[in-house]
Amino acid sequence: MQTVSQIIPAADKPRRVARVFGHTPFLAWLLGAAAAVLLEHLLGETFAGLVGLSKVPVLFGLMILMSKPLLFPGALLYVAVIYLLPLLCVAGLLTRPANLVAAALLRFGPAFAVIVHLALFYGVLHFWADISGYRELTVKFTLIAVLLTLSLNLINGYMGEFSCSHPGFMALGAYGASTFTLTLFVNNPLFGKALLPGFLGPWLFPLGLVFGGLLASLGALLIAIPSFKTRGDYLAIISLAFLFIVKSLLENLPFLGGPRGMGGQPDYAGLPVVFAWTAMGVWIMNNYVRSTLGKSLNAIRDDEAAAEAMSVDTRHTKMTAFMFAAFWAGVAGGLFAHVMRFINPATFGVQRLAEMLAMVYFGGLNSVYGSIVGAVSLNLLGEALRPLELFKWIFIPLLLILVMIFRPTGLLAFREFDAVRLVRPLDRDSQGGAP
Amino acid sequence: MTYFFQNVVNALQWGSFYALIALGYSMVYSILMLFNFAHGDIFMVGAYIGFGVATLLVAMSAGGAIVLPGWLILILTILISMFLTALLGMFVERVGYRPLRDAPRASAAITGLMIGIILETGNLWLLGARRVSFPSLIQTVTYDVGGVILTNKKIMIVLVALAFMLALHLFVRHSKWGMAMRAMAFDYVVVPLMGVSINTIARMTFAIGSALAAVAGILFSIAYPVLDPYMGIVFGWKAFVAAILGGRGSIMGAALAGFLLGFIEIFVAMAFPSTLRDLIAYSIIMVILVFRPHGFFGEPYSAKLRL
Amino acid sequence: MSLLRVEQLTHYFGGLRAVHNFSLTIEAGRMHGLIGPNGAGKTTIFNLITGVHAPTAGRVVFAGEEITGLQPHRIAARGLGRTFQDLKLWRHMTVLEHVKMARYATIGYGLIGAFFGTPRRRREEAEIEENACRLLEMLGIEHLAEQVVTNLPYGVQRRVEMARALALDPRLLLLDEPTVGMTPEELNQMMELIRRINGELGLAILLIEHRMKMVMELCRHISVVVFGDLIAEGAPAAIQNDRRVIEAYLGKDTVAT
C-alpha cells in the first residue's frame, strides 16, 4: 500500500507542471526569454567567469560540450542560471497578467496581436544575437534555412513530388540579387562603376531580392513545363539535371565570375532584414497552404485523379506551386549571398541539396512547424558539432536515418501552423479551458 | 577520321563505367521502385575495396608468400571485391531500406543519401583526404590500328563490362531469381505468391547492383589509377541520371544510356572546351527527357517491363 | 434537351477495344443504370465521359455543349461529379477539407488572396465552409468534419466521397459501384441516400452497379454493356427479359451477385 501512495505523487508531477505552465501563454514565454537575454547582457560575462568559462557560451554551451568537455558543467550551470531560471520564473509569474494582455491584444484584431508578438520575438532574438558576431551569423543562416526548408517542403511535402533543383533556384536568386546590387550600387571589377548612388542601395535591396526570386521562378518554369505533364519520378530527374546545368552554366559565365564566383556584395542583409523576409516568407507560404487553393496540393499528392475529378486544375496548381517555392528559394539565395558576401557555383551543389533535404525530412513533411524545427535544429546541431569535424558528417546522417526509420515523415509532420492560435491567451475564462 | 575513331574508343571505355553503375541504380529502381542514392558511394567503396585487395595481393606476391601473375591478381581482386561490396550492398539494404519498406519512397531516398554521406565520411576518416593510387597489375600494351591507339587495358575494360552486362541479362532472363525480380518489377504483390520473399529479392538486387559497382570501381581504377573519396558523387549522380534515361524496368536501357552518356561527354569534350562538358551533357539529357519522358525503353503505364 | 448525350463512343487501349459504339442519353433528374459483367468497360465509359481518357471516336455532349476530350477538371467544373469504385479519398485530409476542395473551380480570390489572406479570401472561404458544413449535415457526418478520412469506417468513407462529389454542385452524378464491399445495413443506407440525392436535390444519376436487385429498384432506365458493346437498353422489366442480357449473365457459370 505504501508503494502506491509513493507512486501517486510521482505520477502527478507532470500534471503539476502542466498546472503551473499549462496556462502560460506564448507572450509570457517571450517575456521570460526577454528577461533571460537581459540578464545575459547584464551579468553574462561576470557569471561566465564565475563558472570558469573564458567567455559567454555562444550556443547554449553545445560547442563547449564537444570541444572542451571539462568545461561543460560550467556551461550547463550557465544555461540553467542565465537562461532557464529567468525564463521559467518570469513566464510562471507573468502567466496571469500576460493572459490579460494577450486577450487585450487580440481585441485589437488578430493581425495586431501577431505583429506585437513577432516584434517582441524579434527584440529577444536581436539582443540574444547581439552578444557575438558569430551568434548573429548563425541566426541569419538559420533564418535563411527556414525559408529554404519551408519552400522545399512545399514541393516535397505538401505536393508530394521529389524536387532536387532547390540549390539551383537558390543559386539563381543569389546571382540575380548579387548582380542587381553589384551593378547598381557598388564599384567592383566585374560590373564596373556603380550606376546609382550608394545610399539608395538598402532601400532598393528588396527589389534585388524579388528580382532574384523571379529569376528562380523563371528557372522553375523551364522545369515545370515538361515535368508536370507526366506522373511519377520525372521531376526528380529533370530537376537534378537542372541543378547540374545551372551550376555548370554559372561556372562557364566569366562575366559572373566563373568558377571563382563573385564577392563584395554590400552589407544590406542585416538581422532585421533577414528576419523580416523570413517572417514574410513563412507568413505568405503558410497562408497559401492553408487556403483551399493551396490545400489542392495535398489533394494532388494523395490522389491526383480524384483531384482532377473534383475540378482541381492539377497541372496549373503544380506549376504555380513549383514556381512559388522556387521564388522563395531565390529570395533565400539572395539573402544568403548578401550575408556571406561571397558566392561561387560550388556553394550550390549536391551537398547543399543533401542538407536541405535533411532539414525538410528531419523536421517533418507538410508542416510549417516541422520546417522551422528542422531548419533550426539541424543548423544549431551543425554549428555545435563543428568541433567534431569529420564525425559531424557521420553523426547527423545517422540521426536522420534513425528519424526516417522511426518517423518516416519526420518529427512534426502534418501539423497546421496557426499564428493566431499560438498567441491567444490560455487561461480558462478567455478560452473556455481548451488547451 | 582517326581522331573520331580514337574518341569512339575512349567513349566506349568511359561509357562502360557509367553503364555498370547505372545497372545497379536501374535494378533497384525497377524492382523496388526506390532511388538508391547511396549507390554512387558504393561504387567508390568498391573501388577502394579493390584497391585494398589488390595492394594486399601485390604485397603478398612481392613478399614471396605466394607468387601470382598480375592477371590472376586482377581476377582475384575483381571477384573478392565483388563479394565484399555485395555484402556492403546487402548491409545497406538491411539498415537503410528494409525498415522503410512501407514508408514513403522519398524517405528511403533520404536514408540512401545519408548512407552515402556516411560512406564518404567514413572513408575520409579511415584513409584521410589524400588520394591513393591503384597498383598497376598488368603491363600496358599499345596497339596502333590505322592511327587509332588501342591499349590492352581499354579493350579489357570494355570487354569485361560487356561480359558482366550479358551475364546479368542472362541471369534476369533465365534464372528463377531473375524471373522473380521481373515479376516484382511488374507487381509487388505477386512475388510472395510465387513463394519467394520480397526480402530475398531486395537483398539480391542490392547485392548484384553493388557487385557490379565494384567491377566498375576496379575497371575505373585500372584506367585512372588515382582514387579519391568523392569519386562516387561525380560518377554516381550522372549514372543515376543515365539509369533513369534508360527507362524504368529496362536494365539494358540503363546500360545503353550509360554508354550514350559516355559518348556525349567524350564528344562534347572533343568539340568544346572541357568546362562545358557537364552543361552540354545535361542539356542533351534534359532535351531527351522532354521528348521521351519515360526514357528510352520505359513504358508509361508499366504495362510491359523489359527486364 | 437531354442533360447528357453520349454518341457512338469508341475507345481502344493500344489494340484492345474497350468500348465500341456506345450511346446513351440521360434526361435531367433521371436515374440511369449501367450494368454489365466484370470487365465490360463500364468504368472506361465513366472515364471517357469525365475526360480521364479521350475517346478514340464519338462525342459526349453535356447540357448542350460538347465536352469530348476536355480535361477532367474542366468537365467536373461544368457540373459532372463522380465517385470512384476504389474510394479515391485523400488520405491525409479531413472530411471537411475533402468537401471544401470540390469548390476549387469556384474560388475567385486567386493567388493574391491565397498568399496574403485578403478579406475577399476570408469571405469566400467562410462561404465554402458554410456550404460544406450544410452538405455534411445532410449526409449525417457533420460531427466527423475534423477527422482525417483514413481513420473512418468504410461506410462513412463512402459517404465522404459522396459528399465531395455533391460539393461540386453537379447536375449529373456518376456513381461507380457505390455499394461495393458494404454490409447489408450500410447498403440500405446508401440506397436511401441515393434516392434522396435524386429526389430532394433533383440530380440526374448514372449508376454502375453489380447488384441487379438494387439497380432494378432504383433506376427506370438501364443500359447493359458486354465487352464494350451496348447490348440492351430500356426499362428494368424489359431488361430482365431480354434474351441477350440473360445470355450474357447466365450464359457464363459465374453470375454477379
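Letters A, B and C mark the chains as written, and numbering starts fresh at 1 in each.
Operating definition for what follows: a residue touches a chain if its C-beta (ideal position, glycine included) is under 8 Å from a C-beta of that chain, and two chains touch if they have at least 3 such contacts.
Fair warning: this is a prediction, and the values are worked out from it, not measured in the lab.
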Chain C and chain A - chains in contact with each: none
Taking each chain's C-alpha mean as its centre, the one farthest from chain C: B
Centrality ranking, top chain (CA atoms only): A
Gap in Å, rounded to a whole number, between the CA centres of chain C and chain A: 44
Chain centre separation in whole Å, for chain C relative to chain B (CA means): 49
Centroid distance [mean C-alpha coordinates] between chain B and chain A, Å: 37
For the chain A and chain B complex, residues of the former touching the latter: 156, 162, 226, 229-230, 233-234, 236-238, 240-242, 244-245, 247-249, 251-252, 259, 350, 354, 357-358, 361, 365, 390-391, 393-394, 397-398, 400-401, 404-405, 408-409
List of chain B residues in touch with chain A within their complex: 35, 95-96, 99-100, 103-104, 106-111, 113-115, 117-118, 120-122, 124-125, 233, 237, 240-241, 244-245, 248, 275-279, 282-283, 285-286, 289-290, 293-294, 300
Residue ranges of chain A touching chain C (in the complex, touch as defined): 284, 287-288, 291-296, 298-299, 301-303, 305-314, 320, 324, 366, 414
In the complex, chain C residues that touch chain A: 50, 52, 71-73, 76-77, 81-82, 84, 88-93, 97, 100-105, 107, 109-111, 113-117, 121, 125, 128, 164-165, 167-168
